[in-house]
Amino acid sequence: MDYKPDEMMTVAAARALKNSDVCFVGIGAPSAACNLARLTHAPDITLIYESGTINTKPNVLPLSIGDGELCETALTTVSVPEMFRYWLQGGRITIGFLGAAQLDKFGNINTTIVGDYDSPKVRLPGGGGAPEIAVSCGEIFITLKQTPRGMVDKIDFVTSFGFGKGGDERERMGIKTKGPSRLMTDLAIWEPDPVTKEFTVTSLHPGVTRAQMAETVGWEIKYADSVAETPPPTEEELTVLRDLKARTAAAHGGKTA
Amino acid sequence: MAKFQSLHDAVAENIRDGDTVAYEGFTHLIPHAAAHETIRQKRRDLTLVRMTPDLIYDQLIGMGCARKLIFSFAGNPGVGLLRRLRDSVENGWPHKIEIEEHSHAAMANAYEAGAAGLPCAIFRGYLGAELKRVNPNIKSVTCPFTGEELAAVPAMNPDVGVIHAQKADRQGNVLIEGIVGVQKECILASKRSIVTVEEIVDDLNPHPNACVLPHWTVTSIAQVTGGAHPSYAQGYYPRDNKYYIDWDPIAADRDAFLAWMEENVLKVGPEIFASRVEGL
Amino acid sequence: MAKFQSLHDAVAENIRDGDTVAYEGFTHLIPHAAAHETIRQKRRDLTLVRMTPDLIYDQLIGMGCARKLIFSFAGNPGVGLLRRLRDSVENGWPHKIEIEEHSHAAMANAYEAGAAGLPCAIFRGYLGAELKRVNPNIKSVTCPFTGEELAAVPAMNPDVGVIHAQKADRQGNVLIEGIVGVQKECILASKRSIVTVEEIVDDLNPHPNACVLPHWTVTSIAQVTGGAHPSYAQGYYPRDNKYYIDWDPIAADRDAFLAWMEENVLKVGPEIFASRVEGL
Amino acid sequence: MDYKPDEMMTVAAARALKNSDVCFVGIGAPSAACNLARLTHAPDITLIYESGTINTKPNVLPLSIGDGELCETALTTVSVPEMFRYWLQGGRITIGFLGAAQLDKFGNINTTIVGDYDSPKVRLPGGGGAPEIAVSCGEIFITLKQTPRGMVDKIDFVTSFGFGKGGDERERMGIKTKGPSRLMTDLAIWEPDPVTKEFTVTSLHPGVTRAQMAETVGWEIKYADSVAETPPPTEEELTVLRDLKARTAAAHGGKTA
């Protein structure tokens, strides 16, 4: 079956999730990936949205983090202070899923501003849950489309912390969680180098060239000694994903998340 | 003791120029009607507080009601950025508003501390994050038992808390169900409060552990059917997703924005909301 | 992931000599059956934690299971003092237990902090109160914004949390309704947990904001009909007030106590609880 | 109608409550007084028990602080941490009602131990909610039967703070609430002197003599310049109280709270 890079990205992200995971889900690509995992190989995965909905099983993808669908299909819905205190800070989440406006090679993320904080070129939405998701979840998965404006050598603002300047900076700060352990883009899968913590390409999606990679990333790319080729989406993965998106489009009146 | 009154009177009596006002609602139950009434009454110099400023804050800011914004995530959920907020911050139109920015965890804890009568909240937050460089209201406290350094933020105690809820009974007890967000904390933390409700009933018939605000914790109650639109009220009407999508081009242009506000906010009253949720 | 097992196995696997164990329940849903099973299995050197130690702690202490008690109010509710606790503290029978004493506010905040993954809790507490003279675990923290000195206590994180609840579904999700006390916090704060339930059902059908513990937050679930008796389970059976009143003379005398324990705890099993709530 | 001193105490305590009060209710005499007020002159009074039950209207008096009756007749029931954080510490309670094992003339209360803390003569139940009730509620009403062992010159342990050593000690400690503003016993009504804060008799119950008072109090009693006589219980008050106690006795199988 033919597929788009965007679909490959979602499928690659979904595959990284286990049936036993407890996921803190963001809107957009993370939400699609988490629900794809739930509808394929990880039927018992626990999905939590920061609106307070726990063990939710939406039939269509939510447009917002707090759609009624999330509450109606949840095991229980708690208040937002409880969500951030007992569930996130309480250390109960195994995987936090983050997107990024700007990302550096050490997994530090900016979703706050482009330019200077006090007189920004672009005022982005801000961190929301990300600053604490980044340190409270067992590990962090990041997903975004590769662009030279998104994957930059130096981000304008550290909204949420990855590995800082790399190496053991994270541990030295007393942070006990693993941090960004996987980056899934439309072109590749990246994992942090065990020592330097720099994101390193471990798998290229089918047909993606190193030249294409270089054009879409603002730093000099490190490749693993042996770079795999990501298995293309299976027919089941694509069918389930497209059905999900079609149901979502129908429910949201022609627009998808 | 909750007072039943029109939304006009509730806003007129409770929200004053220069006040710190939190219109809360986490995607669900956003008090749109109350925000529009505030715009109609031309309040000025407000400090607007909200975890997730979305359309109503874009509108309040674009109409010049705000002096300052305290927030943690400002976006049109599932659609994109807030263009009126951007125009104010990036270009100073209609004027440049001051920004006090936090994380969700900080805001949620600040409301919680406000409701709990504490001067500050402590939490494990902002590790390695740059907001603490630009926000002097992020400090730290050392745990006297473990020596761990924890983030601290001041308790959030707005002058006025404004929310929309499903129903009130005739004594003024308020029931909130579904995604309850920080609404209970917001009302308990605020000096005064306005609650708009879908309906007023004889008996709330709540589940024993439902989220209920006793009448003596609420200042004013106004019935506004559909008052959360285009947000939703679980059990009453769904989210009007198309409205959120349609907002983006309106907000992108100053003239289009002003014309839209004139037509859809300034020229109408709270009763228009009932018709907006018909057939949703 | 919650494991369904017999109460015998749940206690045998989770509660070890020397553990810190909190059997919580605020008048409602007190886990009597689980405490009796602990006594039958002759656990020793336990640090017992509970806001309101009542009959089960009198029994655990009288039977020599406890090394230490962390608590805020020790009484037979509506009846009087705990005579086995007094005999231990005042006369050292069967041995003198160590006491760590707090206020309710401190204990509730300590469990809350434990559930929230914080090292300590801060609150406005113990002003002018003498407990802070005798309890080194009461310290203080200064608010970095106002300078107010607030009380601080360490987070409460028991090795094992034990509660009784109305029901679990077949995945092991647990529903608690009515007076929910600190049970949710107790389970979330504990390293391991045992939940006894009145029944196991196909579907909890909970209210959206009901107090539910997801199955992946619970270690062991054992069905014990009547397992809270003489405490009560809202929707199942009422409190057996007479039993509490009758306890006083039994506990007043060491021999009467030991004979009663032999007859009503050591010689029987958890299945006896079902008969105790019949006809209540 | 004939009445007992105990009934006079409950009636006197009930009369001190207003329709607009929000009361944090303890078990025993406070619970009887609060519910008597609710069933007579203060039908809209808000009663809160520390078990989490808010706006409760029990038909019979609870034996414990957490009887099912309290939850079933409550507007809502919250968790115990929420009760102590949002409702008590949040400053929402106008009247806290406390009993005492030992009480001194400055309203300091002991319910912890008789004798030395480390090797006590009698181990009492402890403070429970009292240490924070005493400082977080707008004002404190105390009710107990007068005995020389209960009303003592020096209490063995300060479980909860009243006026300390009197005068402005409370204010100097930064406590903003009024403290013990009224003491209702089986023999008299006491109020703190405006300056010294020492409990002063302002009203004697009908027939009570100063000699009787002296025998039942372990300190030298101060009387107000003009001491009133407490109006005896009205027929309505007595009827309602006795009906409540009879319903309670029937419900609890022969014993009353």
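In this document, chain identifiers A, B, C and D correspond to the written order of the chains, with residue numbering beginning at 1 in each.
Note that a residue touches a chain if its C-beta (ideal position, glycine included) is under 8 Å from a C-beta of that chain, and two chains touch if they have at least 3 such contacts.
The shown structure was predicted, so the numbers you read here are calculated from the model rather than taken from an experiment.
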Where chain A and chain B overlap in contact partners, by chain label: C
Pair joined by more contacting C-beta pairs (A-C or C-D): C-D
Length of the line joining the C-alpha centres of chain B and chain C, rounded to whole Å: 39
Gap in Å, rounded to a whole number, between the CA centres of chain D and chain A: 57
Chain centre separation (chain C, chain D; CA means) in Å: 28
Residues of chain C touching at least two other chains: 112, 116-118, 123-124, 148, 178, 180, 185, 208-211, 234
Chain D residues counted as touching two or more neighbouring chains: 71-72, 77, 85, 89, 136
Chain-chain contacts as defined at top: A-B, A-C, B-C, B-D, C-D
Contacting residues of chain C [partner chain D, same complex]: 26-28, 51-52, 71-75, 77-78, 81-82, 85-86, 89-90, 101, 103-105, 108-109, 111-112, 123-131, 134, 148, 178-182, 184-185, 211, 232, 234, 238-239, 241-242, 244-245
Contacting residues of chain C [partner chain A, same complex]: 1, 112, 115-118, 173, 185, 188, 206, 208-210, 212, 214, 216-217
Touching residues on chain B, where the partner in the complex is chain C: 116-120, 122-124, 137, 139-146, 148, 150, 152, 154, 177-178, 180, 207-211, 234
Touch list for chain D against partner chain C, complex: 27-28, 50-53, 62-68, 70-72, 77, 79-81, 83-85, 88-89, 108, 112, 117-132, 134-136, 157-161, 164, 170, 173-175, 252-255, 257
Chain D residues within the chain B interface of the complex: 20, 22, 46, 54-55, 71-72, 74-78, 85-86, 89-92, 136
